[in-house]
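Just below sit the structures, each encoded as structure tokens.
Two complexes come next, and they have one chain in common, chain A, joined by chain B in the first and chain C in the second.
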Partner chain A sequence: MCSRFLAGSTMMAMLLLSACQREQRQSSGQPLAETAPASVQLPSVLIAGSRPAPTDPRGRLYEGNAYFLNEGQRLFEQFNCTGCHAHGGGDIGPPLMDDEWRYGGQMDQIVASIAYGRPNGMPSFADKLTEQQMWQIAAYVRSMSGNVPKDVASSRADELASTPSLTRTPRQPIRGEAGGGLQGVAP
Partner chain B sequence: MRRPPLLVAALLLGGCSGEQSALDPAGVHSGAVLHLFGLFFWICLLAFALVIAFLAVAMLQARRVDAAQSERTEHDAIASRLLRGWIVFIIVGLLILTLGSYFTDRNLALAAPDTGQSNRVPIRIKLTGQQWWWQVEYEDPNASQQIRTANELHLPVGVPVHIRLESIDVIHSFWVPNLAGKQDMIPGRHNDIELLPTRAGHYRSQCAEFCGLQHAHMALDVVIEPMADWLKWRAQSIQPAKAPAGAEEKAGYAYFMEHQCSACHSITGTPAFGTVGPDLTHFASRPSIGAGTMPNTRGHLEAWIANPQGVKEGNHMPYLAVPPDKLHALGAYLRSLS
Partner chain C sequence: MTPQKNALAVCARLLWLLGVATSSIAAAPQLPLAPVSAAPAEDGQWTMPAKNFASTRYSALDQIKASNVKSLGLAFTFSTGVARGQEAAPIVVGDTMYVVTPYPNYLYALDLKNGGQLKWKYAPKPVPAAQGVACCDHVNRGVFYDGGRLFMNTLDGQTIAVDAASGKEIWKAKLANINLGESITMAPLVVKGKVLVGVSGGEFGVRGWLAALDAATGRLAWKAYHTGPDKDVLIGKEFKPFYAMDKGRNLGVKSWPPDAWKIGGGTVWGWISYDPDLDLIYYGTGNPGPWNPEQRPGDNKWTDGIFARDPDTGSAHWFYHVIPHDLYDHDTVNELILLDIPVGGRMRKVMIRPERTGYLYVIDRASGQVLSADPFYENINAYKGVNLKTGRLVTVADKEPKMGKVVRDICPTAPGAKDWNPSAFSPRTGLIYIPHMNLCMDWQSTQVSYISGTPYIGANVRMKAGPGGYRGELTAWDVMRRRSAFKIKEDLPLFSGALATGGDLVFYGTLDGWFKAIDARTGKLLWRFKTGSGIIGQPVSYRGPDGRQYIAVLSGVGGWAGAIVSANLDPTDPTAAKGFVGAVPDLKQRTTPGGTLYVFALPGR
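Entry: the complex of A and B
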């Protein structure tokens, strides 16, 4: 009886403690695990026959943190990403909420798209944003298509949304995803 | 050990006047409220003194339980007369307080510049609260006469001011104790407040609604000056920014325009037109950095740019890793923007 109670309360305490990490902030200093400036890999699109580049471990740290997602969402508005991509639905720029990626949907690939721009209109933000801000925006972009941990994603959208928030719905598999996904392949 | 009470008393008295005090009015609204405060204070003080006096008398009387019967009835007669007086005092006192509140409220409503009682056209300002600074925009139908600045509010004496309060993120609250009461800034809607400054001076406004990590470092410098000085400030503020002069200033200008600075900050007359951070067109003429966080000196400025998160952690200016020589150049350029 007593040991059960102890075990139960210990588990509860551990659960509570794990919640502390959800929005741990890093507001100063170098970007997370930063080693050198502009260490973003340039073309990280898979080209037929080549081996995929190893994914940057920083991506996981950024997309697993509610604070960074939140900052990314703020910057997405402030730097007028909505001007072309609308609120993820796409306008003169491609939609970002459909989990289909022209230049790769991994964190470092999205950061590369933001930093260096892409053909047909995506401008380079390398001298407009800091690297940490690009990682934050990339994490938010991934959250639009349900690619971030559910406990991290915002439970509330600032704009009108056609679907319930990520934390309320089970993620629907999107076509082409059955075998682990074809992310990174340009259609 | 005798000093603490003295210190506390000195501090309490020191709080009565100063650049952030409702007891030192510099505007019509705060003056009216101070009168009402005085009325409440003196009536409540009288009531308090009477209660304490009755209590003291009762305690002294209680010791004389062996008093004669005749003496007791005499005392009862006095007590009942006093009680009747007490009831009259409460009724009259409450009536005075209610009427005082009512007429002060009516007066404040009439003092509003929009009702046309004042013969001057009000100055219209849009004040936007954001985490954790204030964007100040002087509105004018003529776009070339508009002024955009941050964290400073210049007002002339004797001219009504109409401020439209907005917020872009969370609820903030605008409060210049020396001028008027508080008014909230609520995202998604606007509130209005009217001010009518009567005395020149330098005052301080502080966000009065908890708005996040750096709520305490969200202050606004309010400068009230004679009309001539205000017109001079206005003429100066409408001008585009000064061109960089020396080699160091030019290097700072180049770095500002080519790097992240210009993506968030605007400087009129240059290619920098970011709207995310405070406008820097006449940065050097402002009294403080970081919404009242530090005095505006070159040393503080360069410390801020070197590590924006060092003094005001959590603010939205990111760490930029500016090389040391460029840091000094930026400092020289920004300090030249008077």
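Entry: the complex of A and C
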């Protein structure tokens, strides 16, 4: 009886915790410090001969949070990302909703693409976005290919509805990523 | 055209003048002709993309004709090594063919005496970042030959003169700045020792211009902007526009919200024609930026209109504002075909413009007066027509984009009833062969901020097939009767140019790679060949060193229409490629990227 109560309350607590994570707002940007990416990861799938580096833990925090994803969605339109990537289908830049990633599809790799730009046309946004905004956009970018927990993905598009809801987007696996942290489980 | 035929043509014109004087006796009206000074007699070559300064894209060569075209076969092929949209026209001078590719803009010389063997290759090495400011694939629309030199443009904004014999660079000039969103995709035109080059980037908030470089040195001779104060636009005492709406001082500033003209577009990425008799060049300017019209109240001069300028000084002679305050990204940069026709009993020097709006404009090229504007595209619902008294295009309030709502089923779409891909005129049939589209779109305007080097659009668009379900159409337009002679429906949007020949054939290609020959009088399909990739290039015809007639075209899908294939876009998102993916979600199942030159001839004798 007691142990069942304990188990139940533990489950409740975990649920509450994960719900907190989903709803947590970091509008001040303080808990996730405004520092330069500590280590831009270059996993072996991209660069021959390189050793896998540890993933930046901030990625999990951002892509597990509905508020950040919504901010990312808003910024994606406001900073003209749609001009080159449309709503994930691509245009001047490559699609973001499929399973092909020129420069890697992990959170810190996407942030690096946004911050530093890429040689074939992706401009650098280092002097236009705060680092927190870059992480938010990166989280939204990953939601386009179903690579964020379903319970945080935005269920409503801001633009003229043309793609399936992000909560129903099938996950496109990202090479070199073991698939961890994607099933709605808090880290 | 042989000298005899030329003489015949002159006689025909005299007779026709008589005919006009005594008013219509014959059932068939006389045929229009291109001015001989701008369209000289046939020499068997193809030295500029438009064939001649009148932009007829007509070859008088007549070996290949209806009776034998079915045995047309491959002479040789050549891989360009670039699997992006091939919009260029192959150029033929003497026994050499020149082909320019999309970025990285390789220029090849092929030996026509030796089965198309590579003579030399020139690689200008444009910066890779230029790919990020090319709105609609990495295209290049061709090179221009003049006086032993080839003049080419690169995606990153250089104009280069290359020695035609050796492939060695003579000079290069850096004109565009990719950090401002500027690029160059058009083919240059050389007039009286001046290389004319315009900027692309209407989707990036650039300030559009046309520049003239000294062909000998590459030094800038003049540069005319298409927004801003009159002195920048090279508007002075010689400027005499026909319509009141185009008269006034510094309209390039006054017709914009404060400072919006500085990022207002008005690019030049299409075609320039030249009339040596009037000594005027003619070209159109691109869309105002951003697409969202509510962010730029006013007429937005001098975007979306046609300029006549003095090639020596750049001084503007007249301007016609085809689309004041553009609502739909309807760049007015298409080809201008120079013809002489009788109008109301009087011979008029005119130019013909099949426009994105869906209307075919006949404009007096001396004065800029619009003589007629008839719909060559049957499903226009965004416009009601052109008011010939004021010159103003009449828009439809229901179809006007407004922020906060999605306006549905606007026809034609942003790329227009007809995009850049040029039509051809045959003096033998009097018809203009217009390859175009039948698409409609849904449009949602959004607020957009200017960030230099990134797209400045402010609209979400998705396109779809127009009424009837067919997406492409070739219209043969009868200039004198002001109606279509025949129409050919195509499943896919037409994005290739057209070629008319003296054998009364018309050639064009489809997005899924069929290269077709039709009867120029009836439209009957006479021959077709499946090339390796979709065709968005410009077919040409020439006489080879062996005296035979050849037909050449580049195959390689891409451009705005084919970006879904060349850039591997995702058809799940119909707004991809500024909405064009919505119109051609099936294209990846129908063709693959490529870049190959195909040259055809009749079997050897």
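Criterion: the second predicted complex is superposed on the first by the 126 of 187 C-alpha atoms of A that agree within 3 Å, B and C clash if a C-alpha of one lies under 4 Å from a C-alpha of the other, contacts with A are read in each partner's own complex, and residues count from 1 in each chain.
Note that a contact is a pair of C-beta atoms (placed from the backbone, for glycine too) under 8 Å apart; a residue touches a chain by one contact, two chains touch by 3 or more.
Please read these numbers as outputs of a predicted model, since none were measured by experiment.
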Partner chain(s) touched by A:G89 [first = chain B, second = chain C, both, neither]: second
Partner chain(s) touched by A:K128 [first = chain B, second = chain C, both, neither]: both
Partner chain(s) touched by A:E23 [first = chain B, second = chain C, both, neither]: neither
Chain B versus chain C as contact partner of A:F79, first or second or both or neither: both
A:D151 touches, of chain B and chain C: first, second, both or neither? neither
When both partners are placed on the shared chain, which of chain B and chain C touches more of chain A: C
Chain B and chain C contact sites that coincide on chain A, given as residue numbers: 78-79, 128
Complex contacts: residues of chain C adjacent to chain A: 128-135, 203, 406, 442, 444, 446, 448-449, 451, 453-457, 460, 462, 563, 567-578, 581-582
Touch list for chain B against partner chain A, complex: 258-260, 263, 275-276, 307, 309-310, 313-314, 316, 318-321
Partner chain B, residues of chain A touching it in the complex: 25, 27-30, 37, 74, 78-79, 127-130, 132-133
Contact footprint of chain C on chain A as seen in their complex: 77-80, 82-84, 86-95, 97-98, 100, 119-123, 128, 159-160, 162-164
